[in-house]
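Structures for review follow.
Shared between the two complexes below is subunit A, which pairs with subunit B and subunit C, respectively.
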Partner chain A sequence: MKLKMNRRSVLKTLVSSAVSAAFLRPGGNASAHDFSGYETNRGVLVDLSRCIGCRSCEAACNREQGLPAPHIAFDDQSVFEQEHSRRPDQNAYTVVNKYDSLLWEHPLFRKIQCNHCLEPACLTACFVNAYTKTPEGAVVYNADVCVGCRTCMIACPFSIPAFRYDSAFSPRIMKCIFCYDTRLSKGRPPACVEACPMEALTFGNRQELLSIARKRMRREPHRYVDYIYGEHEAGGTSWLYISPVPFAKAGFDMEVPKQPILNFVKDFLAMVPMVLTIWPGLFAGIFLLCRRRGSVAGTGESQESKISGEIIDESHGE
Partner chain B sequence: MKVMENNSEILSGYGGGYEPADEARISEKLLLGLSGRQYLDLIVKNPVNWAVAAILVIGIPLLLQRYLMGLSSVTHGSQDYPWGIILGFGLFGMVPLSASGFMLGTTVEIFQRADFKPIERLALLNGLLGYFFAVVFLLVDLGMPWRLHYAMFVSFGPAAVLFLVAWHVATYLSVQIAEMLPAFAEWANLPRLKRFVRSIVLGLTIAGIILSTLHQGALGALFCYAPGKIHPLWISPEFQWLHYFVSSIFGGLCMVIVVSSLVRRYMTWRCDTNFLGNLDGITLGLAKGAAMAFITYLIIKIVAVAHDEEWLYLVSGWGIYYLAELFTMAVVPLCLFAVGVRHRRVTLVRWGALIAVLGIVWNRLNTVLVSYNWTSHQEIPTWQECWLVATILCFYFIVYRFVLYRLPVLFTHKSA
Partner chain C sequence: MQHSNLRGYIILLGAAGVLGFPVVFQSAAAAVQPPKEVRIDILEDRYGPVLFDHELHDGYASCVECHHHVAGAPPSDPVCLPCHKEGRDLAEIGCRRCHAVDRYAAIDTDKAGRTMVYHDDTPGLIGAYHLNCISCHQVIGTGPTGCEACHEKHR
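After this line comes the complex of A and B, so read on.
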């Protein structure tokens, strides 16, 4: 008797756990909704007030990633006059632009690279899963599965991914990967940070960087506007910026949504299972309704000719 | 008109339209019962073919150039405009115009409106070819076209909108091929194949409705990934899929009206009396259906402007451009349809349908190219890129005409 009870209870447990594993998935799913990013997410704090536009970071990135030589040398400052508002492209993962502002004692320079979003738009838009967000915070790209649809370029709110259009046989997306392979995965800061002579770039845990940024702003309030770009942009980014002038004056796009880009497509994605489940029954039902009307009305005549006869009468009546 | 006379002259020997005997050899069926020389004569005497050839003479080398020297050898290769006119026209413009297959499939097979039967196959063919050539356009624009199947078999990103588009367009293409098989079976004299497809036609049609609802909407939802880049009037994340879906309803219907008007005039010898005699009534019927979709579209467009509080944008330059598009795409055709149906003036409806078709393509191009990056610079496609679009359109035209000449689409096969 005792044995039987035991066996039954074991079975019960087995069945109930199997059911809950299959349908309820306790824990896993619930935490996915609340996931607020990896605790190990590293980042970089960029202090615009410290940057002097020496382009050491551009040179270091070019070396580290083995990118093609630039057509204007990295020590040539004339690039700022020749090409206003550059963007990262197939030859450069990071670029520095110059912004003249009357509000600050010297011209401002802004380094642009992938911001390594906490919820990357490129990743959520990719239909072959070519992007990965690593626990260290980097958003890396796998060229082996990429199809070249360029939806990631559409989706990125910072317009970072670039496409190698000039290659016929091995085109690919080119974008900053936070030096993941060579440095970040080994706990080291990316090449650009190490190369910065002005300590304008600070590498560290994203949470710590946020408090460093606040500390600087508190200590020298005249030196910074009260805003951390990247704290909330696109749901939060690993790279954070503080600036002595309003961010719009230094070329930042202030229209970037303050929530993950994924949120804008959720409405549609939620509708998909509805259509998949409701449409078959609905339209099969309409089919049956239409057929029933035909066969009841049909007396002797074939169903189809009866219907077409009806319709023709109707259209003549108009 | 000259063309038609030429064709009619040669083909009139066969009693208007050529209908091969069931046991005729395939080669004879392919040449429409003409000798090789006669057929060549038919091609050379048609000035339309000369225009097509002129486009292809430049277009085919351009196509080779694109595949051998990379996309940027024929386009600007813009990093700021990842999608250009090839996708804007070929994918986003062609797909809504190809909704005709599921619209008429639903009307005839689900609602059992046998009065629309004469145009069902034309609508199905229009859908099939439209989708097929949307994929061809995609293969031109895709960075690595040889990896087209990756989303199906190699690497999966199921949470992405494009994943849904890829799967649905692929399955829907298969469904549409199956839906066209009866016509092929009649032509190739394979009655058992036809019987089999007829037995699953209800399932195919319902599958078509599901897949169409979702991927027509999904094409709109793709733009929800760029809420900050597209002018607010052209993007409203909550309603975008609905805008695209509803506009595909009148898009598909209007495209069938346009195509049927063309074949009625320039391919009269191929149409039978069942098609020609019923076409005016059917056109008015399609116009009624499209009018409902126009009204729905206008309402949800206004709802979107109200919901996103964009009224002030309407009085800007962008707003005037937006209203011009909305009038071309929906208001003008709606008015023409209303008058046309009321007074049974079919010509008016036909012109209205053409305006709506152009309006939809304009709307898609406005979303992909014009209103995209509206705060920065404007991308103007290169002439090569536009020529490539024309080239693929020529292939589309050639295949479309080839099938219409042969398969029982515009005429009822004697076995039916």
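After this line comes the complex of A and C, so read on.
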């Protein structure tokens, strides 16, 4: 496999390796493994062998969430040739990509959206609690408290949250919310599921979906590889996938850890109080030191008063 | 006209299904002639009607390949067979007898996980059509697989 590195993955690696080097105790933190989600956690089972790439799900999502018109119309299949490896972004909470595989009788398509993790890294990483995991399983976001720091974008193992740049003063993360307000909270499936003509998307309780997935595999073993993506990835996700070809061949990231990102992030979070208390003092100290060095050779008057005067001046100037 | 007869037939089947009356096919195929063409126009606000050539498909596939069973006979699907070997369900070959028109009706989603032990993965009517048609076309390499080959867009 090709080694792909982008800024996000470099950052992620840096953060997690620094954090784990500093804080992970060997053999420790097994506790979070036991959590298998709310009992009421709904989910969607995506069957890649069924998807025909009609993009009805994309169109339904666009309509339901009032998103801007796409630049390539939803009924235009040429999008698969024009743009490979599309990602959800601020204008589309879900996209479908095409994967040609010699291992299967027809081209494969895969829908991408937020997986609504059982223990969402985005939620854990957000220090103003802009994210909520609802008992139905949706991971929803509150723009009112978001400060736009974009830590969630780095934390998400599936690179899902996108940032809307059009207004610098009202930061907004854009991502699939499982149609929570309009549908899921009322017991209805998300718009994409209802629109899918192939029932490539099956809505239900996560536990039940796992058993449906296993049943399909047992009934038609030639049709599926023996793996359910999302059963354990990132500690388990509400959206689950079954596929006729190895998942890596359909663009799935097999490097996603099998334990909740929480296990890394919570150690990172333990750092936050330290960051808040020690770092300001530390940096102020360094700052003062630098200033001092610069002006020691100057006048003989009290350094202390001069420096604090300058600082006040600067803050006035802002 | 052919179509109105056919419509009547479909409505009869549908109504009977909804009301829970089995449509009895006496001495199997002799009583009711299978339709030559089926017209599906539920999406007529957006697309032209789908005209399914039932007669043409008669040559491609045996009845049970799509219907899972013929009237009066047990189903060929090993998943259905254990429970539905006999009984009045066998008289009915209309799709919606088993494939729900509203796949995620609240009544079903509420029941999910408790009583739907055996019927937890039965595709809805729309899913059943598309899965049956497209999957077969893909495998045999002929017949429409794209959307607009069946759902002609209004121009």
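Here, the second predicted complex is superposed on the first by the 227 of 318 C-alpha atoms of A that agree within 3 Å, B and C clash if a C-alpha of one lies under 4 Å from a C-alpha of the other, contacts with A are read in each partner's own complex, and residues count from 1 in each chain.
The criterion applied here is as follows: contacts are C-beta pairs under 8 Å (C-beta built on N, C-alpha and C of every residue); 3 or more make two chains touch, one makes a residue touch a chain.
What you are looking at is a predicted structure, and each value in this text was computed from that prediction instead of being measured.
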Partner chain in contact with A:R87 - subunit B first, subunit C second, else both or neither: first
Subunit B versus subunit C as contact partner of A:E255, first or second or both or neither: first
Which of subunit B and subunit C A:D75 touches, first, second, both or neither: second
Touched partner set for A:D226, first subunit B, second subunit C, both or neither: neither
More subunit A residues in contact - subunit B or subunit C: B
First, second, both or neither for A:V145, with subunit B first and subunit C second: first
Those residues of subunit A which subunit B touches in one complex and subunit C touches in the other: none
Subunit B residues within the subunit A interface of the complex: 67-73, 75, 77, 79-80, 82-83, 106, 109-115, 117, 142-145, 147-148, 150-151, 154-157, 159-166, 202, 205-206, 209-210, 213-214, 217-218, 220-229, 237-238, 240-241, 281, 284-285, 344, 375
Complex contacts: residues of subunit A adjacent to subunit C: 50, 52, 54, 75, 77, 105-106, 187-189, 193-194, 196-199, 202-205, 207-208, 211-212, 215-216, 219
Contact set on subunit A toward subunit B in their complex: 87, 89-90, 121, 124-130, 145-151, 153-155, 157, 159, 162-163, 165-168, 171-172, 253, 255-257, 261, 264-265, 267-269, 271-272, 275-276, 279-280, 283-284, 286-287, 290-291, 294, 304, 307-308, 311-312, 315, 318
Contact set on subunit C toward subunit A in their complex: 79, 103-104, 106, 109-110, 112-113, 120-121, 123-124, 126-127, 129-131, 134-135, 138-139, 145-148, 153
